[in-house]
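Both of the next two complexes hold chain A, though its partner changes from chain B to chain C.
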Partner chain A sequence: MKNKVYLQGYKLKAIWVILALIIWESIARFSSVTSLAFPSLTLIGKALIESIISGEIINQMAFSLGLIILGLIISILLALIMSSLSIINPIVENLVDTCISIFHPLPGIALLPLIILWIGTGYKAVVFIIIHSVLWPMILNMVAGFKAIPQVYKKIGRNYEFSTGKIISKIYIPASLPYIIAGLKIGWARAWRAAISAEMIFGATGGKGGIGWYIFNKRVFMDTPGLFAGLIVIIIIGILVEDLAFGKLEETTIKKWGIS
Partner chain B sequence: MKKIVIIGFIFLTLLVSACSGQESKKEIRIAEQYGIAYAPVQIMRHKAFLEEEIPGVKVSWEQMINTAAIREAMVADKLDVGFMAIPPFYIGWDKGMDWKIFTGLSTVPVGLVASKDINSLKDITNDHRIALPQPGSIQHILLSMACDREFNDPNKMDNLLVTLSHPDGMNALLAGSEIDAHFTSTPYLETELKDNDYHQILSGEEAFGRDYSFIVGVTTKKFHDGRSDLYKGLNRAMAKSIDFINENPHEAAEILTEYFDLPKEEILEYITSQDTNYSNIVKGTKSFSDFMHKTEYIYPNLIMI
Partner chain C sequence: MKDIIKIEKLTKTYEDNIILNNIDLTITEGEFVCLIGPSGEGKTTLLNLIGGFIEKDSGNIKFQGKEIRKPTRDCIMVFQEFDQLFSWKNLKENIGFPLKNSREKLSMEEINNLSTKYIEMVKLKGFENHYPHQLSGGMKQRVALARALATSPKVLLMDEPFGSLDAQTKSSLHSTLLDIWGKTNTTIIFVTHDVREALTLADRIVLLKEGIIREIIDNNEKIPTDKKVAEITRLL
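Right, the complex of A and B next:
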């Protein structure tokens, strides 16, 4: 029964998408707008296929995803350490809180001029911006998750005479997994945005600049269909990660354990 | 029902206001750009030469961040006149933009600055990194031209390029960590050369083979054909501004201090330098288009404009 509802949802979504594509194509074909501003689907499709065959778009996407994954892993580790410490020690908690109030509202892109001076313009700078965008919301979510754990769980841990490390790894993390996954989702979305905007500004080093640079380059050469090809690939990756990767993660952990 | 009527009315007004064109009004929309190479544009604005040549004209100065933004604004019909180098003009032309070069504007010193351990293009290896404003910019095309002449391979250095704006590129070069060479122009070029650790290994003229227009004025065909009165006035005002800067460099430098963050003496030095030339003659279009065609930056057969 539940599956059927899902399927219908997908069918409906497909209908919306097809409808949007039909409207798009008719505007491109029958109105007076120039194809420079509004290319037809055929042109976009051709640009997409060409850049997939040449491997350009795949390579740039792989480069971007590599940076994002690296940034996410570092952020998760840092967030785990900082939230665990702040749960254990109120002084650390205060420090982490202060950092969050200062840095969380600061967009990574606003830091760009500083980052160029301090770190330079290579991939390290992009990873830095990704970490900055992901870390603070991730800590917020983790700490909120840790705090929402029922007292009983903690007491059980103490009853078994678990060490602090074991309490965190065996009780805190699994019990707050819904929060952590929500934090991951936010982190992913923010990392994605941060990486693309940073790449569009930093440009490529040695021809490798990621998908943001790919789009920037298409803009510079006024290749509007190519620009749309880049956007389509970004949308596809977004859907894949949201629906498949996170969906799967939730199914095998919190849904299975019944804590969602 | 009442709501629907109101919403319909709002839509209608929006539609009408969006469609009402500029045709009836005497208006010129010009991109506002800063730099020594654009000095005559600032003079034209300051001395109100456009208003003088076309009585009753309304001049809108639009802030534009770069060449790509100017092209996009022109495609969207939000801009009539802009200033850029010849290669970006051809890229737009190649992609189907119907526009023209209406005047030459300036030639300023352009060059590739490198650290002292690099003495010529031959010394640049795959481990070096060259900063320039963006692919397809005049700096990029000039570098390709030099590589074509020197190594018979115009794309030889394409994988060494780092896209950075002029000020960022200068900071990165002088910081001395990642960037080994910077293709830039006045006044960043002169600032970098003041540092004894850096020297120029290629000038724009060496790369191009002779002199050329660095910045030209461009306008849409729609503006040229539809508003020939304004177009002619624009050309007269442009010529007047260029003459003014050539004939009264001191006064021009004084005016420009209001627009640039530089002392008067320095501006005077730049605008009267032997290598800086303000002229409304367009030079080098054919060589640029031939080269860009040969190297497949642009594709169709170009007609001379």
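Right, the complex of A and C next:
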């Protein structure tokens, strides 16, 4: 029954996409809009296939994904350390709270001029922007998760004479997994945005690649079908990660444990 | 029988309210003691003090002659809450959890054998792979009991563990608990406000009211007659 509803949801989504594509193709073919601004699906498909065959789009995407994964891993580790220290020590909690208040509302893009000045325009700058975008919401979610753990779990940890490290690793982290996964989802989305924005600027000034740079480059040379091909790849990767990676992770953990 | 828990002149206050006032109580090895009294009269506070979860104001609480200052594996608590089981672990993993993380470094085979032994003891064979959300309230309390027993504690502290269960499930758990107590000879300190439950389980019933021990009743027969229930209820 559940699977049937799930499938119906997918079918409906597919219908919406097909409908949007039909409208798109109709505008491209039958309206007076120039193909430079509004290319047909055929042109976009052709540009996408050519990019895949030449390996250009795949290389750029691999470059971006590499930076995003690196940024995410560093952010997760930092968030784990800061959140854990924050629940152990009230002084650290205050420090972390202060950092969140200052840095969380600050868009990564606003830091770009400063980052160029301090780090330059290489991949390190992109990773820095990704970490800044991911770290703060991740800490917020982790700390919220740690604080939501039933008191009785903490008592059990103390009763079995676990060290603080063991209580965090064996009880706090698995118990707050719904919050951590939610943080990862937010982190992933923000990492994408940060990476693409940063690549568009750093790529243009430093000549480095990435899917952001790929899209920016296509616009510079007025290759609109190529630009849309880049966007399509971003959408596909987003759907795959959201539905497959995170979906599977939730299926095998929080849904299975009945805590979603 | 040797004394296992010795409480002397124990006092505990919360925001100027005296919860426990100059309590003296000695519990011997292998004894089953029920702490009974109206709600908010210090039963759970006393259990938490014996468990080392909270600090006393004055007096002594000793376990085998040593002052209790923090929770230890010698006195394991079974709580009232159903959510005391780890939701990310199945029934067998929940029971094996303290064994896997003990200082003794048991082998996987030993952990497996001990977990199986306690699963059978609490009559949950066949449910090993079930997660807590797939179990009933009574089954969850059975798992909590098995997990508490798995590390062979000297004292089992039980804080109204069957308080939220229906009469039939409660009765079945009483039989299981008495059966386990008979086999393991663990000292049990059990908090309840149910007089009939105390008369069913305990060797001795300690009546707590207004922060002091009103009476200690020997209960060797363990038959909760209506007369006895009425007598004790009158004292509460």
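Basically, the second predicted complex is superposed on the first by the 255 of 260 C-alpha atoms of A that agree within 3 Å, B and C clash if a C-alpha of one lies under 4 Å from a C-alpha of the other, contacts with A are read in each partner's own complex, and residues count from 1 in each chain.
In this text, a contact is a pair of C-beta atoms (placed from the backbone, for glycine too) under 8 Å apart; a residue touches a chain by one contact, two chains touch by 3 or more.
These figures come from a predicted structure and were not determined experimentally.
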item	value
Chain A as common anchor, with chain B and chain C clashing or fitting	fit
Touching partner for A:110 - first (chain B), second (chain C), both, neither	neither
Touched partner set for A:161, first chain B, second chain C, both or neither	second
Partner chain in contact with A:120 - chain B first, chain C second, else both or neither	first
Touching partner for A:217 - first (chain B), second (chain C), both, neither	first
Which superposed partner A:202 touches (first chain B, second chain C, both, neither)	first
Partner chain(s) touched by A:34 [first = chain B, second = chain C, both, neither]	first
Partner chain in contact with A:91 - chain B first, chain C second, else both or neither	neither
Computed vertex angle (chain A) for partners chain B and chain C, CA, steps of 10°	160
Three-chain overlay, closest Cα atoms of chain B and chain C, distance in Å	49
Doubly contacted chain A residues - partners chain C and chain B	none
Contact set on chain C toward chain A in their complex	51, 53, 70-73, 76-77, 79, 81, 83-84, 86-88, 97-98, 101-103, 131-134, 151
Complex contacts: residues of chain A adjacent to chain C	150, 152-153, 155-156, 158-162, 166, 170-171, 174-175, 177, 253, 256-259
In the complex, chain B residues that touch chain A	68, 71, 75-76, 91-92, 94-97, 129, 134-137, 158-164, 168, 171-172, 175, 177-179, 297
Of all residues in chain A, those that touch chain B in their complex	34-37, 116-117, 120-122, 202-207, 209, 213, 216-217, 219-224
